[in-house]
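Note that subunit A is present in both complexes that follow, paired respectively with subunit B and with subunit C.
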Partner chain A sequence: MRVTVERAALLKALGHVHRVVERRNTIPILSNVLLRGEDGLLRLKATDLDIEVTETLPADISEPGSTTVPAYMIYDIVRKLPDGAQVSLEMSGDSGQMQIRSGRSRFMLQALPESDFPDLAAGDMPHRFTLSATDLKRLIEKTQFAISTEETRYYLNGIYLHTIDVGGATMLRAVATDGHRLARVELPAPAGSDGMPGVIVPRKAVAEIVKLVEDGSETVTIELSAAKVRLTFDGVVLTSKLIDGTFPDYQRVIPVGNDKLLTVERSDFAKAVDRVSTISSERGRAVKLALGDGRLTLTVTNPDSGSATEEIEVDYDAAPIDIGFNARYLLDITAQLDGDTALFKLADPGSPTIVQDREGASALYVLMPMRV
Partner chain B sequence: MREPPRQLAFDLPLDPRFGREDFLVSPSNELAYAQIERWPAWTDTILLLSGPKGSGKSHLASIWAAAAHAWTIDAFEIGEAQVPHLVSSGALAIENADGPDRDEAALFHLLNLAREKRAFLLLTCEKPPDLWGLRTPDLLSRLRLAPGVSIGAPDDALLKAVLVKLFVDRQLVVDTSVVDYIALRIERSLAKADELVKILDKEALSRGRRVSRAMAAEILGAAQEMDDID
Partner chain C sequence: MNAAPFCRDCLTFAASAQAVRCSVCGSPRLLRHKERDSLTIAHVDCDAFFAAVEKRDDPSLADKPVIIGGGKRGVVSTACYVARTYGVRSAMPMFKALEACPHAVVVKPDLEKYRVAGREVRDLMLELTPLVEPVSIDEAFLDLSGTERLHHGSAAVTLARFARRVEDKVGITISVGLSYNKFLAKIASDFEKPRGFSIIGREEAVEFLGDKPVSMIPGIGAAAQARLAKAGITRIGHLREGSLRALYEALGRDSQRLARLAVGQDDRPVRPERETKSVSAETTFDTDLSRFDDLEPILWRLCEKVSRRLKAAHLAGQSITLKLKDSEFRILTRTRSGLPPTQLAVRLFGPARQLLKAACDGTPFRLVGVGAADLCDGEEADHGDLADQSVLKDAHMESAIDRIRAKFGNDALQKGLALRKPQR
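Moving on, here comes the complex of A and B:
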């Protein structure tokens, strides 16, 4: 293989693919990125056996061929090369090494043959639809924070993507929960998504998708089977296994009869929560909300350090209620809202509370209280 | 001392799995399982399936109901008026036959009509009919004559297997050492096992932690204290 490619293009492509490679690997080839040059294109591929990312870029191929080299190392090398440089990649004879040349720099990297490189056989993907990058980003960004990080609860370690009939219209919904809070975002289902299976996209794939979607692709094609998902961006293809589990019937934890309505100025509320929570301990970050007529009192008590209180004016005229929440969760959720105000729908101190921009907003958050 | 604040967790619903492949056969329930499997070659059109709470009666009844295309009804729901309709399907599973608030006249009528129409009946109960407190002597004698099969207290292997199944049903990854630890320390009852796994699931979700041996020890200790107080 002998390939010459522009440094910036190669760096961008390596930037996309190298991230899925785990830093530590017991199988050496999983540390490598696959490079294959043919028909005027250089194709890069990396995998951790759960996710696979490939990217194709134009290159000058003087001798077609393929090899694999350590992903982080080649990424770091190319990153440190001067801007605007041409990079040549060349397998030198039978030495099992790949040479990287650019200007006066020369590197020899230990290579492993392509034949050992695993393929995440995608199989048939019967469902296919297209989303604008903005919509996909919204679905993910508004829900990602609620994904569970507790590994043994694997069925919550991702975003549940599914279609659902809402008042006669089919919606595409993304839902994530860690058992303490739940995020639900929906948009009108794009053509082709109707009838897709409900799938759980794993956290690591979600994080990669966010980075890829930020890199300027206009639209994203999503293909699905019951076991895998494939997203195609401009020149980049991400394939991921899905979580083999059943997402719980989340609709049953979204309350419908919460009649105590509280409207707050979002930014004032978040700042007040942030201020009083300074006093809270790392482990129990509980803040108590005492609601009375037009008034909200936030209180944090920490036996080790003291207490804090702040009062803000709010729109509230239901029966007085005291309810505790994890301050971190309140800040996470208010950070997701888009409007100037936040609408809380409460029932009692032991039941889930709904948080939204306004009644009927496309993003809905549910938060379980803390007993304080 | 003031209790530290405690994060509450969603009550995330769970559908129990009552499929044939989910039933765990062991010496304590193999006779009952064999009877269910033998249908329709039963010695009679009626079978009384008895066993302690959580021993797998409903699971066996559900396996049978699927095979026999039977409806399932709780004994207290049976009223005189529905009897002909209930029998019309040709097979009926009656759960909690020894539960409270049942209409004895309706049940008696149902047994008679089922016999007349050659409809199959499977009744689940915790105790033998003599201990149901029946006030209708004819009903009692009918039930005494009905063939029965009982499920015993679970053996070690079954208790462990059921614990594993309960965790798997809840999609929880739990180390085998945790299962061994629990199996050695809980009452030999599948109902207790179910209860404990439910509490552990909830506790782990609330704490945002995995189900560990330490957590099991803590919950078992707390349960022990509660029992002592009772």
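Moving on, here comes the complex of A and C:
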């Protein structure tokens, strides 16, 4: 293989693919990135056996061929090369080494043959639809924070993506929960998504997708089978295994009869919660919300350090109620809301509470109360 | 206060300060010490507790060597004082104990009976002071400061009366150590066993400790002893000789505490409630087991036991530890933490079972145990959360089972799993 490629393009592509490579690997080839030059294109591929990212970029191929080299090392080398440089990649004979040359720099990297490189056989992907990058970003950003890290309930370690009929219209929904809070966001189902299976996209893939979508592609094509998902951005393809498990029936935990309505100024509320929670300890992060007649009193009491109270004017005219929440969860959720106000729908101090921008908003959050 | 010697048998003061025997009953067991009436921290330890309870319940055992220990194998948990004269010690493997004393009567432990007796002793202690810190089923620290007027006598006199009361009411004997802190009280109680009553005063403490072996310090076991011996420290007095710095190099973080103990200083208060850090249960098998199918029912029963204890103490665990001991006595523990708080047997069993499954690789095990740690208030447990409503069902089912068992006994209702017998 002998390939010449522009440094900036190569760096960008390596930046996309090298991230999926685990820093520590027991199988040497998994530390490597696959490079294949043919038909005027250089193709890069990296995998951790759960996720695979490939990217192609135009290159000057003087001799087609392929090899694999340590991903982090080649990424660091290319990163340190000067701007605007041309980089040449060349397999030197049967020495099992790949040479990188640029200007007066020269590197020899230990290579491993392509034949050993695992392939995340994608198989048949019967469902296919397209989303705008903004929509995909919204589905992920509004729910990502609620993904669980608890290993025993592995089926919560991702975002549950599925279609559902809501009042006659088919919606594409993303849901995530760690048991304490739940995030649900939906948008009208794009053509081709109807009838897709409900899938759980794992946390690591979600994090990669966010980074790729931020790198400015206009639309994203999503293909699905029961076991895998593939997202195609401009020139970048991410394939991931899905979590093999059943997402809990989240609809049953979203309360419907919560009739105590509280509307707050979102940023005032978040700042007040942030202020009073300064007092709280690492373990007990509870903030008490005492509601009555147009006034909300936030209180944090920490036996070790003291207490804090703040009052804010709110829109509330139901019966007085005292309810506790984890301060961090309140902040996480208010940070996700879009409008200037936040609407809380409460029932009683022991039951889940709904938080939304406003009635009927497309994003909905459910929060379990804490004892205070 | 009366400075005359106090008779531990007839509970009266002797007529003269020089009396060798009690002027009323003639007993030599006189309690005398310069600081007798100013010391208030006591350590009370039942003498050969399990064996004493068995002898109480079966007078024919009175003069025989009695060993309490479990099953075909396992270890001596208690040896009575007769058996001890043959060299039998607790924690000794049973076969060795029987080599030393072949005619010993071996009694299987009846923990429930001991718990009742221990509770009786504990209740008698609580009649003296609320400041009772249990160390185990048969020993406790007591702080009797400020009880002189209430009990019409100094702490020493109160404790002597208490020892008699335990003998009369519970039918076992105890040994008492009295001093000005827990460390010395503990050492004192060990001094004259059985039926002992030792006093270590402020004036004599430092001199008393000087030539005692370091192994006398609670918590200094074989390993620490070896480390200390390397640094030339075999007696408690040696701990006072070198500089603190040299001591630190030999002992690390523990050095300051030991240096203070060596001069008789220990300011740990007697705390009535010891915070429970974990709740666990374990069992040693008659023969080694290696198959998951054989271990699983045992694990289930242990989880039920731990659950029962958690519920009784209104606690819930957020981490589960599986403990296994293989035939070479190597201990293996596996922990799963960060779980939703639970006190339900089924919820303890789930992760414990997974850990056991992963650990079963054909190794023969002699012991399995399960423990719940990261404890929190039982109120916070098993409410279910947004991702798991089934826990509510589990909780209802288990509380129904618990109610049936409370009424008809623990064996009234069993999971089929618990009845599975090991395949031979």
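Here is the rule we go by: the second predicted complex is superposed on the first by the 372 of 372 C-alpha atoms of A that agree within 3 Å, B and C clash if a C-alpha of one lies under 4 Å from a C-alpha of the other, contacts with A are read in each partner's own complex, and residues count from 1 in each chain.
The rule is short, and it goes like this: a residue touches a chain if its C-beta (ideal position, glycine included) is under 8 Å from a C-beta of that chain, and two chains touch if they have at least 3 such contacts.
Every value quoted in this text rests on a predicted model; they were computed, and no experiment measured them.
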| item | value |
| --- | --- |
| Clash-or-fit label for the pair subunit B, subunit C on subunit A | clash |
| Touching partner for A:246 - first (subunit B), second (subunit C), both, neither | first |
| Which of subunit B and subunit C A:371 touches, first, second, both or neither | both |
| Partner chain(s) touched by A:187 [first = subunit B, second = subunit C, both, neither] | neither |
| Touching partner for A:178 - first (subunit B), second (subunit C), both, neither | both |
| First (subunit B), second (subunit C), both or neither touched by A:312 | neither |
| Which of subunit B and subunit C A:122 touches, first, second, both or neither | neither |
| Touched subunit A residues, subunit B compared with subunit C | B |
| Partner chain(s) touched by A:8 [first = subunit B, second = subunit C, both, neither] | neither |
| Selected from 8-16, 26-34, 44-52 or 80-88: the stretch of subunit B that, after superposition, runs into subunit C | 8-16 |
| Footprint overlap on subunit A, where subunit B in one structure and subunit C in the other make contact | 148, 150, 152-153, 177-180, 182, 248, 250, 252-253, 350, 352, 366, 368, 371 |
| Residues on subunit A engaged by subunit C in the complex (per definition of touch) | 148, 150, 152-153, 156, 177-182, 248, 250, 252-253, 350, 352, 366, 368, 371 |
| Interface residues, subunit A side, partner subunit B - complex | 148-155, 177-180, 182, 245-246, 248-250, 252-253, 283-284, 286, 303, 324, 326, 350, 352, 366, 368-372 |
| Of subunit B, residues touching subunit A in the complex | 2-14, 171-174, 204-206, 208-211 |
| For the subunit C and subunit A complex, residues of the former touching the latter | 336, 338-340, 350-351, 379-380, 383, 385-389 |
